[in-house]
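Each chain carries a letter (A, B and C) given by its place in the written order, and its residues are counted from 1.
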Amino acid sequence: MDDILNALALFTNFVLLPAAVYGSQLALGALGVTLVYGILRFSNFAHGDTMAFGTMIAILFTWWLQAQGVSLGFLPTALLAIPVAVLVTVGFALLSDRWVYRYHRVKKAPAVVFLICSVGVMFLLNGIVRFVIGPGEQHFVDGERFIFTVAQFREFTGLERGIAFRTSQALTLVSALVIVVALFWFLERSRTGKSMRAYSDNENLALLSGINPERVVLITWVLAAALATVAGVLYGLDKGFRPFTYFQLLLPIFAAAIVGGLGSPLGAIAGGFIVAFSEVLVTYAYRQVLDYLGPEAWEPVGLMQLLSTDYKFAVSFVILVLVLLIRPTGLFGGKSV
Amino acid sequence: MSFLIAEHMTGGYGGSDILHDCTIAVEQGQIAVIVGPNGAGKSTAMKAIFGLLNLRHGQVRFNGEDIGALSPQQRVLKGMGFVPQTHNVFTSMSVEENLEMGAFIRRDDIRHSLEQVYALFPVLKEKRRQPAGQLSGGQRQQVAVGRALMTQPKLLMLDEPTAGVSPIVMDELFDRIIEVARSGIAILMVEQNARQALNIADKGYVLVQGSNRYTDSGAALLANPEVRRTFLGG
Amino acid sequence: MNAWLNRYIGAPTLFGLMGLALVLVGVLQSWSLALTIAIYCVIGAIMALGLNVQWGYAGLFNVGLMGFAALGGIAAVLVSMPPTPEAWQAGGSGIIASVLLSLATLAVALLVYQRMRRGRARMWAMVLILLGGYLITRQFFDPAVELIEAVNPAATGYLGGAGLPIMLSWVVGGFFAAGAAWLIGKITLGLRSDYLAIATLGIAEIILSVLRFEEWLTRGVNNVNGLPRPLPQEIDLQQTAWVQEWALRLGTTVPDLASITVKLGYLGLALGVLLLLFWLAQSAIHSPWGRMMRAIRDNETAAEAMGKDVTGRHLQVFVLGSAIIGVAGAMLVTIDGQFTPNAYNPLRFTFLIWVMVIVGGSGNNLGAILGGFLIWFFWVQAEPIGLWFMDVVTGTLPAESWLRAHLLEGAAHIRLMVMGMILLLVLRFRPHGLIPERSERPHSLRR
């Protein structure tokens, strides 16, 4: 019995919990991407760097707050910085729409042009973030690191193996839940939210119904920028901030959005968890878990790892290609190819 | 002066003209039907009245007002409802949400209108939580018409409402349209099923190559041997 | 303004301006530097050409260039470096066994796929075969890798190459890239542009991961230095009599002249390749094959209705374009003299080359080449110019000011911002690029 519990503890600590947290982060990122795709109808390659930008603003503001002696007790001060960061990022997003995307929208340019534009915006953001805060790692986390540590867990349960629950993990899970519920309430219950779904569903009919396109576009950018900022800050609190990491997240985020079905918010969330769990499950070294669960005599050779963690991104990619080949509209039937 | 009068319409989608000096008029509570062979410009005429394309010549007067300069959305606000031929529902949204979207421009309480639409199309009330995309063709048309009715229009324009629909459903649809007209709303309809449409029409316009060929009451057109020979199969 | 640009500034003028810029660098900074920049400009132009073949001829949105260039680079390593006998003895058989086992697994899987009927049973059979084959292969693979990497890890720790002349890798690199492109294209070419973009991005990441982490093959992040040089080294040239004589006559130093001579040699090689590839590409597009490609590009549905195998043609173009990129990748590593997996940064590579193609003239080979020159030149020079600019701007600040230090440090990143601005401005004001296609419409950037 103890063996099973130990194995479960290991599995929870190294697979279930991190995958759930990572899945929440991906889900938030994928939501932003899928909203932009569903309403503005293009893949926004600048989304990763938008996350970096938002996180950067949050970090700068956090440093300022910390210098002023402001703190949030056991929670990270960065939480206070999030509203400011969201405001600034939304401002940037609206400017980019006004100066870059709107022109092509009016001209009814094909989707590829928007994609290439988003590459330009990506370059811009990349440069800005590195210029302002530098390309290296930045530390901004404070507050209590653990809600309970492995040692505390072991003491409490008497097991050999323990589970650690970090503050950043709890924050991510709670925030993601709150945001998702709020977003769904907005989309399903509010008049504006429904008008956005209508616009995404059938643009011409939406216009005929008197829905104001500019307003829909505005709200889309606001939501996307806000989601990107929050996702970026949560990720930064959890795994540290380095500008390049956010660019790399582009692949799993898009994989998540596509797996769930581009344009479908529910799909983005499901996709986020599917991608996250796959990545973690495939690259976890099962040796210790098997040690507890397997028969006494059997000694696992090596780490018992399907794929080395270096190939994390390969997992997202393979999932992506499989979905595109088998079911291009994704799990929840978003906009098809 | 007619409630809606679009006279001497000449124009098209860009280069060449499709409509040549075409005139359509409808009265309140009246059902006017536009029929004609393929490519005659029936849908084009309706779209021109709604403002979906620019006219080189001619004017459109609605309820005494010249609305030529107004965009389609503005015309909706003036009381024109338009039901496109295809893609006329929000497939991913429920029936009730579709109707809500129809009433988007209205700021008042829409529950009364909702009940009216449900009274007109009882099957919609049954399926109101279902996504519109899951309904049959005929039911979808009902949603489409219901959506347009939610704007409380004074003129309802329908572009080939019975396209791709079975004959029984077509009859039912036409019955509903008559009911709507009886409530005082003017109806303008483009139809491919000329015979059945003219049957319920107060006024019929036969268009050929973008201009009026025959204009008379529905019954008269049905009785007209020329019309019968060329468009109604004798 | 566009009309004026078109009329008065044609391709020759733009190329002339480019040449002038390089000359200016030579005069103001150094000839050695100018030549180095020119060499990399040419390589960039070749990559842009390869991309343009895919984008301009077939509208394929390939964001995985980096992967193909890296494959070309590793070809340079695998072709020219000497083999490591001890490594082969230790783990060679294990590796060969793994390769054979993998092929066997794939063959069995393919057979099962074809023989069995569609359905759940077949799906489960496939999964079991692939998984089982993978696990068995790993049993042979892992120990072999460990043994190989243990052989003198500081200097080798990998299997080594074939010890052949390095210029051969320019062709081999093309084949590596072409092979990978064929595989990838077979799987992903049915997809629409933004999906293809993401898929190719993912593939580049995977290729890079393999090159970074499979140290037994590539030395991974330890890098491979000291690749054999196709041309004589500068140090050797400095000893020769004629270099010393000419240095006196021209009034330059011996090292300088040696360096310039070597660089001229490389430039000549690179230009030769560029001209050859350009000539091939232009001939292709004016041939019946090229006309068919353009017909498909301009109206895919009509072409398909006429029975043209659109996906097959796209595959051809994808393979050819990738081959060109592979060649350029091999050239790059050859001239660098080293293979550094971490240097393949998607921004510096893939997206920069896209900017080259868009700015130069999307769909137009000459435009792509010009774009290659321009953007690369700008990318390199932006750093010193940025630094100089920052110097001027911060000149008023005290020397120890944190702001001043920060701004100077950040000067390098300004070029990212400027690159983004250039792309956006071109897309808005001159979407056809600097040299628009004349008789042929550029692929749907404008409606």
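Just so it is clear, a contact is a pair of C-beta atoms (placed from the backbone, for glycine too) under 8 Å apart; a residue touches a chain by one contact, two chains touch by 3 or more.
Please read all numbers here as calculations on a predicted model, not as lab measurements.
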Result of counting contacting C-beta pairs for A-C and A-B, higher pair:
A-C
Mean of the CA atoms for each chain, then the mean for all of them together: which chain is nearest?
A
When the C-alpha atoms of chain B and chain C are each averaged to a single point, how far apart are the two points in Å?
58
Using Cα averages as centroids, what's the distance between chain A and chain B in whole Å?
47
Approximate Å spacing (C-alpha centroids) for the pair chain A, chain C:
30
Note: in the complex, chain B contacts chain A through residues 72-73, 76-77, 82, 84, 87-93, 97, 100-102, 104-105, 147, 151
Under the definition above, what is the set of chain A residues touching chain C in their complex?
42-43, 45, 100, 103-104, 107-113, 115-117, 119-128, 130-132, 134-135, 247-248, 250-251, 254-255, 258, 302, 308, 310-311, 313-314, 316-317, 320-321, 324-325, 328, 337
Within the complex, which stretch of chain A touches chain B?
191, 194-195, 197-198, 201-202, 204-211
Please output the residues of chain C touching chain A within their complex, sorted ascending.
61, 142, 187-188, 191-195, 197-199, 201-203, 205-206, 209, 212-213, 346-347, 351, 354-355, 358, 409-410, 413-421, 423-424, 427-428, 431, 444-447
